[in-house]
Amino acid sequence: MTGLDVVFVLVGLLTAAGAVLTVTSKNLVHAALALAVTLAGIAGVFLVLHADFLALVQLVVYVGAVAVLFLFGLMLTRAPIGREALDSQNRGLALAVSGGLFVVLSTLIVLAFGDVRVDAMTGPGIDVIGIAIFAVWVLPFELLSMLLLAALIGAIVLARREDGESGEEAEVTRIEVGDPPINESDGPPAEVAGDGQAELPAGSGGGGQA
Amino acid sequence: MAQTSLPGTGLLKGLAVTVKHLFKRPATLMYPYERNELAPRTRGVIALMDENCTVCMLCARECPDWCIYIDSHKETVPPAKEGGRARTRNVLDRFAIDFSLCMYCGICVEVCPFDALWWSPEFEYSEYTMDALLHEKDKLREWADTVPPPPALDEGAEAPAEVTEAIAKAEKELEAAAQKEADKAAAAEAATTEAKAGGSGPKKADEPKVAAGEIDQETYDALIAEGKSERIARSKAKAAYVKKEKARLKAEADAGGGDAEAAPTPKAADIKVEAGQIDQETYDALIAEGKTERMARAKAKAAWVKKEKARLAAEAESAAGAGAPAGEEAEPPSPTDAAGSDQAPSTDAPAEEPAATRKLGDVHVEGTGEIDQETYDALIAEGKSERIARAKAKAAWVKKAKQAKLDEEGGA
Amino acid sequence: MTVLTSTTALAQAPSILDVGDGVVLPILLKVALVLGLFFVVPLVGGYLEHKVMGRMQNRRGPVEAGPFGSLQLVADGIKFIQKEDIIPRAADKPMFALAPGLALVPALLVFLVIPLGPGVFAVDLELGLFYALAITSISVLGILLGGWASANKFSLIGGLRAGAQLIAYELPLIITAITVAVMAGTLSLVGIVEAQANFTLPGLEGFNLWFVFPQIVGFAIFFVAAMAELSRPPFDMPIGDSELVFGYMTEYTGIKFAMFLLTEYAGMITMSALMVVLFLGGWQILPGVATPGCEGAAGIMSCDPIGIAISVLVTLAKIMGLVFLMVWARVAYPRLREDQLQRISWLVLVPLSLANLAFVTILTVVL
């Protein structure tokens, strides 16, 4: 057992502890932070395995961006401070799904690499990685990026919830550019309610007051 | 503005302005090492001239922060006139300003009707604790000495009201004394000869008029050489000039009209004395007693006026000679004249009122700032607090002084 | 050609966890050096800021502590240590305590890879530049957490603003850094310095240039983005005193507050050092000028002690020059509005840096 093994075990334990905390923590922000610890731990695991580039990518993408976005979103929406529990009461289902995933993935890995023994602890340089991604596997890489882009746009579409597409019609009280100011004498603003079906103006900042 | 300017020139302009300032001399004054020249009437702290305070409480009531604390007691003053009503008078025991509350609005200074509160330019009185900022009468009095003297009057201006009043008072006293002399002489004369009627009153002396404004160069130079300030030297030299000039004119007049008619007896009231001069002797004595510079100066000024008048009156009298009383109207001693001088009750208000009936409370004693050192030391030795000892010693002093006055009156 | 040599040299560059051939002493020395630098250089930068800002505002700046007030920040540090450590009752205490450390440690870790001179660095990573950018991106976690854990609406809004700002400006920062890496052909910071010493524009061979000259746009983008990353005025909306008291630092006192402050000063130094390495030729005195006492590539490598000392001084002088620029901008410009800030990043800097990257990449491939 070398020093690296010890470090690997420690980092692995840290990662596992972070993962457990993530799902058990009653406080959403604590859970998000535990998730960040888990992700950073994974970066540490990569590092111990001499995959420096991967480790740094993990840091930039997951700790620096994803975890931050999580926290950011939580704080923008609901960030209870203290003992307010947010529980969806779906523990059994969650346990079943995650357990099933774990079994499937570990079986796959053991089946695929179970007999391979990695001796030389030297990761590939970035030039090797670069050539692998952008020359050999360029098609899957581009497909993946397309997939991500599609997911991104889909998320935006879902989040926008245009009227008429998602059941409930939202009350829209917004004034289009060029509308005359609504006076008492002009009667109730029926026109505005009818305008609710109209397309949103491009750019959220564009809707100025008439 | 500049329509043709490239985008970003505004940003560069901002940088240019700031970098220009980088090489300018900083405006900072390194305060504890260098000191700013403060305006003479800087409002640093509020000072108290407790001699002037009448405990009217205006300041304490007007204070928006209620940071002025005043304690006082009443004293009975004997009736000014015989058969009059005894008056009461407030005596200031404590005057304190809490400068941790004070917001330096200056309303108290504004409302004070007796010029007891002043702005002093002193500003370095910070303390380590907040309660140390509560300053009592004695400290406030010390600050009053740092108040700059009022600005000089314009050339040819009237003397200030308080100076005129003081002079008038002194004149009255002298007049009363002269009247008494005259009465005595008249009475003696009346015993032998019949009283003359319709004798013309003493003519007012043709008071030599002297134009103020000139200064006596000699005095001025001497004072400057002594290291006096320019302003003081100038005012003193002015006074000296007036004095000299008057003496000269009078001597001329005496020499010229000496035999034509009897030199008129100048009444004390007619003798005009230029205020502003101080009696150096009194001044030095007061300073030696530990009085403040301002107080000493004020008292010395009054003393000088008194002395000068007495001197001039005496001179005039001796010059007029013995023939003068012939011109005097024989008049019985008038009570109003006697009452005019409240300072000399022993001689003017004779023994109609037995001294034994007078009580301690009826006696009025000036000056509440003095303390009886003996009592003070004794109390301090007893372990009393400084403030209590001071207050009691003050009371003891007042008592003693009153007793002394009573004794004096009784003796008379 | 130069690109080729530097990449071959990089093949031997160690991994993050490689500690050399068991030689412990140099490593300890280097760690001591990094720690010393970490605590001294930011203080010098802070002193420079105090003085320059003071003089630009017709003041003197600190004068009492030490000669010409040079120990003012040390005195401040002692004072901060003595202060009571107040934690609000409603605060999430462990998070509240953790946040300043989480913000500070990444700033410390960046110092590991920054080369101050030939051989004067803790490690020369093959991925040095990437490492520096990755580590700095973690600081935002601490700031977000600090803002949230304070249980104060000003802190929370300040933390959110900081988060939004850091995410927005990380993009142009990283893209511009990548542009430089493309020009240098390496991600190693030492390699980038070396590449700059050998860099010439096509058609102007024999005329050495730093990357700042062909990449003046990139430098401007990087400088602005770096100031925004550090929440330095005029980009200090996260702590905008007039609206947010002191943003995410509102509830912090004593040593924790000092840690946040130190993070900011250390960030100024690391960002300036990165700019020196990326754009200003590292420890090279002037473009094309060999450092006295040095041999090797372009006259800036394998130096004797005097050459090393000169190189370190040159680097530090360049860093301080950039710190001065930051202070200058701070004094000259008023604080931006939050929407202006986001607009500048997403509508100006990101497209500009992307165009710059595309341009440079195409040129590199074509030439």
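Note that the chains take the letters A, B and C in the order they are written out, and that residue 1 is the start of every chain.
The criterion applied here is as follows: a residue touches a chain if its C-beta (ideal position, glycine included) is under 8 Å from a C-beta of that chain, and two chains touch if they have at least 3 such contacts.
Bear in mind the structure is a predicted one, so any value in this text is a computation, not a measurement.
K.L.:
Which chain has its Cα centroid closest to the overall Cα centroid?
P.N.:
Per-chain C-alpha centroids compared to the overall one single out C.
K.L.:
Name the chain whose C-alpha centroid is most distant from the C-alpha centroid of chain B.
P.N.:
A
K.L.:
Whole-Å distance, chain A centre to chain C centre, using C-alpha means?
P.N.:
Centres of chain A and chain C (C-alpha means) sit 28 Å apart.
K.L.:
Could you tell me the distance, in whole angstrom, between the mean C-alpha positions of chain A and chain B?
P.N.:
That pair's centroid distance is 88 Å.
K.L.:
Between chain B and chain C, tell me the centre distance in angstrom, where each centre is the average of that chain's C-alpha atoms.
P.N.:
Averaging C-alpha atoms per chain gives centres 73 Å apart.
K.L.:
How about chain A: which of its residues touch chain C in the complex?
P.N.:
On the chain A side, the touching residues are 4, 7, 27, 29-30, 33, 36, 40, 47-48, 50, 52-53, 55-57, 59-60, 63-65, 67-69, 71-72, 75-76, 79, 81-82, 123, 125-127, 205.
K.L.:
Residue numbers of chain C touching chain B in their complex, please.
P.N.:
52, 54-60, 63, 328-329, 331-333
K.L.:
Which bits of chain B are touching chain C when the two form their complex?
P.N.:
11, 14-15, 17-19, 21-24, 26-28, 30
K.L.:
In the complex formed with chain A, which residues of chain C make contact?
P.N.:
It is residues 7, 11, 15-17, 90-92, 95, 125-127, 130-131, 133-135, 137-138, 140-141, 144-145, 147-149, 151, 156, 159-160, 163-164, 166-167, 170, 174, 187, 339 of chain C that touch chain A.
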